[in-house]
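Shared chain: chain A. Partners: chain B in the first complex, chain C in the second.
Coming up: the complex of A and B.
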């Protein structure tokens, strides 16, 4: 407990100091926070529950559009804002900007949660590959549909309100960093406390053998839906922040970006080790550094490298980094190893 | 186990590299003016991204070899830091941030496409970094009140409205029936707005108004409707892929339509890739090599085209020409500002009034170039099957007469 406390305090202090230690990397750090949130919440289904969802991008994109729409719509006519070639220019005052953002984020978190409940009710009866493919369709469909809705800009895209002129040039970066870091901390606390309850055990039971779990009297459907709703809540929040950070929302390339974000969140969780608390966090961090590093030093090779990384993960770290560490140093994970027994097993092999 | 160790050390090496790579560039180092650009080298805009990059590089080499930029009595040379934005707006915004805050770039060149420019403009604006862009034509870019954005090209809504007006004129002044299909992206949707305006002005009716997906490789559904409803004009816009898909499927399905108006024919190298099938397509273009504009660096369009072909092995599409022009604008502004102060350079850019091989350049307060009309060319083939783009409008530069209506497939 004591050791853990020191660890958490150190990470928290580092997180708070990071934008001042690496002022030039604020945007990358903010994105890292968002990535960790996405990977951690994906892990609730993919890792703990055993339901590989490619649909979480739906909540992310939904949150993005909702947050921006609320932020604009509270003060100005939304249709005129998004209409291309509109002759009027709208400018948010600082108060309007932050008020809009606050309300926007609330809506961005709540609505996807409700949507997850409704969709979950209808599709969480599917299992295994069928569920994965079904959710894959969700993100694609959402991208195409939102690309046709005029009021949110359709194919033109949606320019989110520019950051007001307050403080120094660095204010925007700092605002979005702390917003995303705060969301990350919130997500971590929420997920960690969930993982220490019976809820996690139920999710694991569903993963390990759903029929048996049902036979034992667990209402699996209820827990599956709740699990997905928790993910949707934080995905929506992450999306809302990301929309403001990027400044421009495009239906398929930024919001419902299943090809990138949708796949990345799965990849990060698997890289770090799914079904663990720290796995997605480690995975997202390594993934982000790896990707950014390649972008800087080996321009043009980043996707080749990403492909190699995926192959390496699948072949050498099928259980992720956490899984690999667990196998190598089981004592550190509180598992007692009978050395004699282990040797005997190795010889048998 | 050994491999695992190698992987781990590789990852940690990357971490170290990443964390030590803090701002090692600055805007002007020694005798170099460093410009930043995020370009689509991969992804759906990669072919046009390369056209853009070639245009930039061509101008950098030319300006550097012809004496560079003279500021404060000293001679400077251009250099460009490129990043790959993967045709993704999210990535582009991130890269703009990186170019400015990490690489210390103080002057930017634009990316390819309106969508990506829309993502980058808020960033450059925030930092007060002047950006001369050559490939973001969407009208909404110029109504946001951006002060540091300058576009050497005419806005997207002007691309094809001339085609509609021509069609009406050829129809004896009577309204025409228009079928249109546009990709779901910022640029094409703006071209669409231009057509809507033109239709309203001329009283023409839009009978088909379809949207095409971004990963464009099939528009058969639209073409079936066109076959049924027989419009007077078919308008298609969807960057390079849109042009290629339209020509391929129109030829396959033998769709007869009196006028076919498109964008990006030259970037798609239509006349080369589809030969006679692309004949009679009417294309909007920012530039054509036969135009008679002149400057000191590239002389004129024909010389530019010849030099470009020698260097890169293909006929330059307008995307390359306008990108080259962006650097000429920057050079001119630096010399007039006689300073590297961002504000002074910005003011000098705003006062630009010059002629380049690509056209006249003069910016409106919104940042768009108001001194350069669009041209329309038509793909025309001779009996031997070799095809060429010939300017048909405006009449001042026309080198051929518009062929209208397009002969039916059965008569070709």
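Coming up: the complex of A and C.
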């Protein structure tokens, strides 16, 4: 416990100091925070509950559009804003910007949660292939449909309000970094406290054998929906922040980007290790470093690398880094290992 | 929104005929999907990308001055070996694993193919002009390009050939035996590894045929694969595995649905409506099945 406390304190201090230590990487660090949030929340229903969804991108994109629309719509007519594209006919004052952002983030978190609750009952009844493909379809459908809606920019995209002039040039990066870091800390605390309750055991029971869990008297549907709603809450929040950070929303390339973000969150969680608390965090960090390196030095080949990476990870490391560590050092994970038993197993192999 | 479609019967007829001719093509792709799903229990997300790759083979023949219709012969031969290669490299490692692993692995292949095709062939929307004319029906009110009729005809020929092959040949019987019970088939001396490879190859070859036909009748683009995967998945779940007339019927139904969605909602919602239909079908199926489960309770 004491060791854990030191670890958390060190990470927190590092997180708070990071934008001043690496001022050039503020945007990258913010994106990293968002990626960790996405991977961690995907892990709630992908790793712990065993419902592998490609559709969390739905909540992410929904949050992104909602946050930006609220931020604009609170003060200016939305339709004229999108029509003017990037033209600066309407300018947010700092107060308006922050008020809009705060309110927008609340909406961006709450509405996807409600949506998840509403569609959860019909979709979480599907299993295996059907759930995965259904959520994949849901994500793509949302992208295609939002690309046809005029008021949020349709095909030409939607420019989010530019950051107001508050004196310092560094302010924008710092604001978004601390916003995303705060979200990350919030997510971590929430997920960690969820994982220490009976709720996590129920989710694991659903993953291991849903029919038996139901037979034991667990209302599986209720818990599945709650799990998905928690996921949706943080995905929406992350989407709202990302919208402001990127500054431009396009239906299929930024918001409902199943080919990038939708796959990333699955991949990060699997790379780190499904069904562990730290796995998605480690996975997201390594993945982000790899991705940025690759994106910078081999521009154009990134999707090829992504495709190869998915295949390699899925085939050769389905347990991820945490799974590998766990196999190697089971004592560290609180598993009691009988030395004789282990040797016998090694010989059997 | 005006529903001109319903007031003017010729448009309805046009949409129906277009949809049926399109649906035959979808059914061909879905047949390949049903085959590998039934035999290997794998959902291949890269299905649509194999289709597009087949289309590019026909397109390149067109560029080099050969009539693209010959692509119908050449594309499946090349795609068969592409399919075998994919099987040997990736699929044989995920056949017996968790369902999600195979979905994710084929998703990776799909992204890889998309991007490689984008590099190799460019991001332009292309079509291979077959030079076939059009057929006018009903006082020139209904216009059907001959290439569509040709493609529907060829798809039916291929499907019928394949069905006969599956019924009569030794490999076909081995494939059906493996689909019924892989372990029993193995005991009885069927080399399931070879059967799996052949199944995937045949599936890829079917995709190649369909792709060549699509490049003649419609357009192809490196990123257009996923909708074909989703369509074939949808057709298979509506028809059920191993129900060939069902695959043909639901393929045509989907084609007609798409044409009407195109007329009524507008072209920009066409792909979106396909994906939304998938979600609706799955949800409907879930409630139907859950009623059956209640019976057990």
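Basically, the second predicted complex is superposed on the first by the 326 of 349 C-alpha atoms of A that agree within 3 Å, B and C clash if a C-alpha of one lies under 4 Å from a C-alpha of the other, contacts with A are read in each partner's own complex, and residues count from 1 in each chain.
The rule is short, and it goes like this: a residue touches a chain if its C-beta (ideal position, glycine included) is under 8 Å from a C-beta of that chain, and two chains touch if they have at least 3 such contacts.
As the structure is a computational prediction, the values presented were derived from the model and not from experiment.
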item	value
Contacts of A:130 with chain B and chain C, given as first, second, both or neither	second
Which of chain B and chain C A:292 touches, first, second, both or neither	first
Partner chain(s) touched by A:266 [first = chain B, second = chain C, both, neither]	second
Partner chain in contact with A:172 - chain B first, chain C second, else both or neither	first
Chain B versus chain C as contact partner of A:247, first or second or both or neither	first
Chain B versus chain C as contact partner of A:52, first or second or both or neither	second
Chain A residues touched by each partner, larger count belonging to chain B or chain C	B
Touched partner set for A:303, first chain B, second chain C, both or neither	both
First (chain B), second (chain C), both or neither touched by A:318	second
Which of chain B and chain C A:141 touches, first, second, both or neither	second
Residues on chain A lying within both footprints (that of chain B and that of chain C)	144, 147-148, 154-155, 300, 303
Residue numbers on chain B that touch chain A, as the complex places them	3-4, 7, 11, 14-15, 17-19, 21-23, 41-42, 82-84, 87-90, 93-94, 97-98, 101-102, 115, 118-119, 122-123, 125-127, 138-140, 143-145, 157, 182-186, 188-190, 193, 211, 213-214
Chain A to chain C touching residues, read off their complex	52, 54, 122-123, 125-126, 128-130, 132-134, 136-138, 140-141, 143-145, 147-148, 154-155, 259, 263, 266, 270, 300-301, 303-304, 306-311, 314-315, 318
Touching residues on chain C, where the partner in the complex is chain A	43, 45, 90, 93-94, 97-101, 103-105, 107-116, 118-119, 226, 230, 233, 237, 266, 268-269, 271-272, 275-276, 278-279, 282-283, 285-287, 290
Chain A residues touching chain B - in the complex, by the definition given at the top	22-28, 31, 84-87, 89, 144, 147-148, 154-157, 159, 162-163, 169, 172-173, 242, 246-248, 250-254, 257, 260, 286, 289-290, 292-293, 295-297, 299-300, 302-303, 312, 316, 324
